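Chain naming follows the written order as A, B, C and D, and within any one chain the residues start at number 1.
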C-alpha cells in the first residue's frame, strides 16, 4: 500500500536556527489580492464570526473578514434578532431554528448592496463571498456595490466540475476575467488541485478540507487532509506556478487553526495568511454572541456540523493585539506571531514560510508528560 | 525486524483532486454475483441484523442482506420469541441463554426452505450463508429452494485446509462447480490468501479479520489485519487476477465499518461493496431489538464477542437513505457515499476505488483538537 | 539521529495466510532444556506466582513453573503465614513488610532441598532459580537435591560483567560446564547480547527487559526493549547460532504478556515458550492470594515495582485449559494458542514462529473505535 | 513534505548490550567549565529552584545550581518574604503578584555581590546567570564578586541576532574573551545553531526549547524541539567541533526532564549533564516552598507559563542520593543514574553517551497495558 503520510498541526513543531531577530524589526504584514493587511488574519465567512460591523472592527485593527453573502445579513432587515434567536434556543432546537432562518427568507440584492456599502463606509476594504452556484449573480452585484474582493467558497472546489447539467457549471476563468475586482476561491487541499486552479485568474486560494475536530466531514464522508501537509503541498504549487509564470497567488490556510501556535505553524508551512473562525467567535464583538457554527450546519439532508458554545473571552482588540493574560494561545494572536517570528529569525512572512519544520507529534509526548506534570510541576519556559 | 505496517480506517483519510462531480451524476450502484444493488451495502449474516423480513426491507431499499442459515430462523418455528428472550435477559445471563438457544434446537431443512421462499416472495434476491462444515448440505438445499447466491463464511477461510481427518475438508473448487448459483466466501485478509481463493470459482470474497473494536479476536488470538490495508491488499489481488484471467471477483469489506465515513474509505481502498452489522442493528426493524451480537459469542470453549446494546435510532430507510438529523455518520449512509464520491470526483464505484488515500491518523490530531474544542468551539465545516 | 524503531505486543498483529489447520492437528508442545511441556507456558520465579505446590499443579496440567530459591519458601519453615501477612497489610505498609520478610531470615540449605524434593515428589520436573550472586552455591545444591534445571536470573544479564572486584564475577561457561543439569539464564533483550550468551553452554535464555506497564524500570532507569522486537531479535540470534553450530538454545519470552493474544504474538515473533506472572497470579491456587509483586519490589535503595491486587478469577486449570467464560483472553490460554495456530495455519510451535506479523498499533485505531462502539455497538466477530 | 521526525524522551528507550558493569565501578562525575561535579545535575536558574542556600546545599551533595541574577534574590533584601507571598496567594492572584514582585524593585549590585559571596562562603562554586540584555553589566560584576562561571540564558539564543538597534546586540565572542571566568549560554536546539555558537568561546551550551508539557511555548508560538533529538543533534555538533578543533564544549540538557529515567536518557543521547527544575523544586529546602514557576510567567504581554503546586516530597539529599521509597523515579536521581549505567555497561558519562537508543513510544504500548494492568496486575520487574 503506497498511501502518503500527511501531518496535522499538532504533529509538527517549528525549530529555531542560528539567527534570531529583534521583535521590533519583525513585520507581519502581507498583501492579499491588493489588500494590505497589517495582521495576516482573515475572519471566516460565517455568520457567527463576520458581520458588517465585525468586518469594520477587524479592518481597523489591521486584519480583515469575509462577509458571507448567503447568510442572515443579506436575508433579513434585522439580522441581529435572528442571531439572538439562534443563540437563545436549546441544543435540541437549534437545527430546526437554523434551517428555518436560512430557508424562510431569500437573499435580497438591496441588502447585499447595503452590507457592502456599510463596510466601505467604515473605512476598510470589503471582502464578500458566495457559493459557486450564486457567484454569477452575486459577484457582479458585489463589485458594483464597491466590494474590494470576491470569494467563491464551498467545502471543496475544483478546476473541473463534471455535471450532465450544463447550467450548473461555473467557468472560473471566464468569471475571473469578467470581474472588475480580484476573485479568490476555496477550498482545496492538494498540489494537483491547487496547481490547476492557479491558472484560472484567481488571486488567492483558501486551502483546508475537513481538518477541524468538531468538523465531521471526515467522519461522515471519510474526507480530510491534515493541515500541515495541506498547506505545504498547496504552497509548493503556488511557488512552482510563480516560478513558471511570475504570477503570485496567495495561499490562505483555512481550518483547524485554534491557537496562536497554529497560526505560526500555518505560515511556517507556507501560508500567506490564515482564515480563522472559532478564535474570533470568542470576541465580545462577535455576531454569534458566544456561539459558533458552520454554514453546513443547516443542511437538510446531511448536516456536517454543530452549534458550539465558545463563550466570549475578551475584546477583539485583546484577542488580536493583546496584552495576553492567559498562556493558552487564545489572546494576542498578532503578538504571538511577532514573537514566534523573532524567535525563529524571520523578519517577514516570506522568511517565516521558510523556517525549519519538525515532525514532532505532541500527543504522545505531551500526553504523558502532562499526566506526570499534574503531580510533578512544570518544565522550564 | 521486517514486519509490514498495516493501517486501519481511522488512520487514513481521503483526499480531493482537481475534479468534482455533480452529485446528481453519481451512481453508487454495483453488481455482486449477478445481483444488482442500488446501494453497495450488505447486511451481516448475524441474527441481530438480518432476518427474512429485514432482508426483504433491505432489498426494497436497494441494498441486501445475508441470512445466516445456522441461526435462530432455521432452528425455531417462532424465532421472534427467542430473539425477544435474548434481548430481555441481563448481562450476566445472556451467554447461557444464547448457548442454550443455539444448541437446543437443530437446524431444520424445512425452515431453511421456508426462509428462502419468504425472502423471494418479498420480491428481492435471497442470499444465504453457512459455515464450511455445513456447506455441503445447506448449499444444494438453498439453491433448490431458490436462493440467488450462497455464502460460505467463517472467521478465517483459506484455500488450503490441513486436517488429518479427510471428512472435515471442503473442496471449494468442486463445491463451486457443483452449485447452480453463485458462491461467495469469507473471510480472508491478505494478498496471497485472496489470490489463491480467487481461482476456486467463487464470485465474491469477504475480507476482514478481527478489525472491530468490540471484536476480541485480536486480544484472544493476537490475530487481526487493519481494514484499510486488508482491503487495499485483497483488492490488488482481485485486480491482478482480473488482469490475468479476465474474471472479476467482487471484494466485500466486512468488519470495523461503523459510520458512513468508513463506508467511503472502504470503497476508496478498493472494495466493491461493504458488509455491515452494527449500523443496521440500530434500525427500528432490526431483529436484534436494539441489541447486537456476533455468531462467535455463543461459543462454549472460547467466546470471542459480547451482546452489545446498540439501541434503535431510526427506521432502516432513514439509516440508508436519510434525511440525516445527526452529524455522526450514522444516518443517510447512501447519501453520504454519494456526497463523498461527488466531492472526490468519482462518478462510479470503480472511479471511487481509485481516489487518493492519505495516511492521517485521526486520534493523534483530533484527540488533542477535541479537548481544545470543548473549550474553544469548532473549526470550519 | 539513527535510533532503531522497536515494537511492543500492542503494536503488532498476526496475519492469516492461505493455509488453515484443523485444531485437532495442532500440537503446542515444546521441549525446553530436555523438559517436555505440553503447554509452552512457564510460571515466573516470583513468590506470588510459584510455590512448590503451584509448580506441581502446573506440571500436572502440562506447563511448568520456576521456583525462586531466594524467596520466602527457602527462608521460612512456614512461608504460607508470610505470604498471608504480605496479602493482609495495607498499601502503605507492604514495602516495609516485604523488606522485613525478605531480609529478616536468610536462605536455608535444608529448605532449598526440601522444596526441590517436594516438587519432585509431586511427579513433575523441578526448575529452580537464583541470582548470579548466589548461583555458585545454590546451583550445585539444587542439582544435588534433584532439580531438573537451574535458572540464573537477574533484571539484566550479560556475557561480560566488568568489576574491579574479581570475587563478584561469575564465569558462565565454567558454571554451565560444572553443572550436571541444564542451565538457563536471563534476562537479555538484544541480538548481540543474546548471541554472545549462546556460546556459554546455557540451554535456554529468558528475554525481556522492562516491558511491563507496572514495571517502572523504564521510568526509573530509562531502560526497556519493547517485546515484539526483543523476541524477534533474540530469536534471530538463536537461529543464526543454530545454523552456525547445530546447537538449539530455547528463547523464552518473559515480560509484558498479559493475555492469550500476547502469548500467540510472543511465539509468532520467535519465542519457544513464554514465562508469565500476572495471568497465573490470578489463579485460585496462586501463592500470592490475589496479589502480585516482583522480586525487585523489596529493594531498599531503588525499588522498581509494586504490590498489585490482581484478584483470584478462576482455577489454574481453567486459566490454562478452559473452558473460557470471558472474552478478554484471560482464560483458556492453551486453547487460545491452539485456536490461534489453527487459524494461522501452524501445526507446531516451530511453524507458528514463522507466521506473518504486521505492525498495527492497536491504540490509535481501537481507542477511537472503542469510544464509538460504546454508543454504536460492535463489529463482526 | 520533507520535514524531519524528532523524538521526545517518552518516545525512546535505552537498550542493554553484552556488557554490564558492577555499580561500584560506575563513575557519574563530570567536569563542566572546570567545575567538577560528582553528580551531573544542575539546578535551573529559577527562583522556585535555586537560592544561595540551595546552591550551597546542592554543591555539598556533589551537584550544583545556577542562581538567576534577575530574580528576587538580587531585588530584595528579604527575598524570603516575597517567595512566601508568591506561595501564599491564590491561583487568580499569582500573575499580578509576580508581575509586581519582579517589576517593583530593580536589581541591585550590592545584592548581586552578596549572593555570590554567600555561595562562595558556603565552600562551593558559584554559578550565576542573566539575560543577554544585562550580561554586559552583570557579567563583569559577577566575576569580580568571585563567581566561578557565568551563564547567559534566554528562551532562545543564537550566534546571529538581527536588530536595527545596534545597542541591543551582544557580541558573544567579545564578551567571552573579556570575561575572566568561563561563560556558558543557552538555549539552543539544533545542530547548525549549536555549531555556530561553539566557536564563540563559550564553555557550555544549554540545549532544549519548549519541551516541557506545562511549558506553553509550543502552544503559543508553535516552537519546540523534542528533547531526544535536540540532545542528539547538538551533541553531534559538539563532537564534530571537538574533532575539528580539539576544544570540548559541554552540552547540558535543559527542559522536559521529569524523572530519573529522563536523566539516563538525556545523557545516553549525548548530554554531559542535565539542568532540572521541577524535580528539585519538590525538595523540602527548595525556595519555591512547594511551588514552581518559570521566569517567563511574569511576562506582561505574552505570559508563557504558570505557577504549579509541586509539593515538597523529601529532603534534597534523598531526592539526589536516596534511598528511594517510591518507584516513580522521583527519588535517588544519582543512584538511578548509577544503576542505569551499570545495567547498560557504562562506567563513565562518556561511555553512557554511546549506549544503544531505541525508538519505542511508550504511550501507545503502556497506555493500553496500563488499563489492562489495573485489572490484571503487573509484569515482571
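Rule of thumb we're sticking to: a contact is a pair of C-beta atoms (placed from the backbone, for glycine too) under 8 Å apart; a residue touches a chain by one contact, two chains touch by 3 or more.
Since we're looking at a predicted model, the values are computed, not measured.
Counting steps between touching chains, the shortest path from subunit B to subunit D takes 2. For the pair subunit B and subunit C, the fraction of shared interface numbers is less than half, so the two copies use mostly different residues to meet. Here the CA centre of subunit A is 56 Å from the CA centre of subunit C. If each chain is reduced to the centroid of its CA atoms, subunit C and subunit D end up 40 Å from each other.
Taken residue by residue, subunit C touches two or more other chains at 7, 229, 259, 362-364, whereas all remaining positions touch fewer. Every pair of chains in contact is given here: A-B, A-D, B-C, C-D. On the subunit D side of its complex with subunit A, the touching residues are 1, 3-11, 44, 46, 95, 155-165, 168, 188-190, 192-193, 195-197, 208-226, 229, 254-259, 275, 277-279, 281-282, 292-297, 300-306, 308-310, 330, 361-364. Taken in their complex, subunit D has these residues touching subunit C: 7, 12-22, 24-25, 228-229, 232-233, 259-265, 268, 322-329, 332, 335-336, 339-340, 343-345, 347, 356-360, 362-370, 372-373, 375-381.
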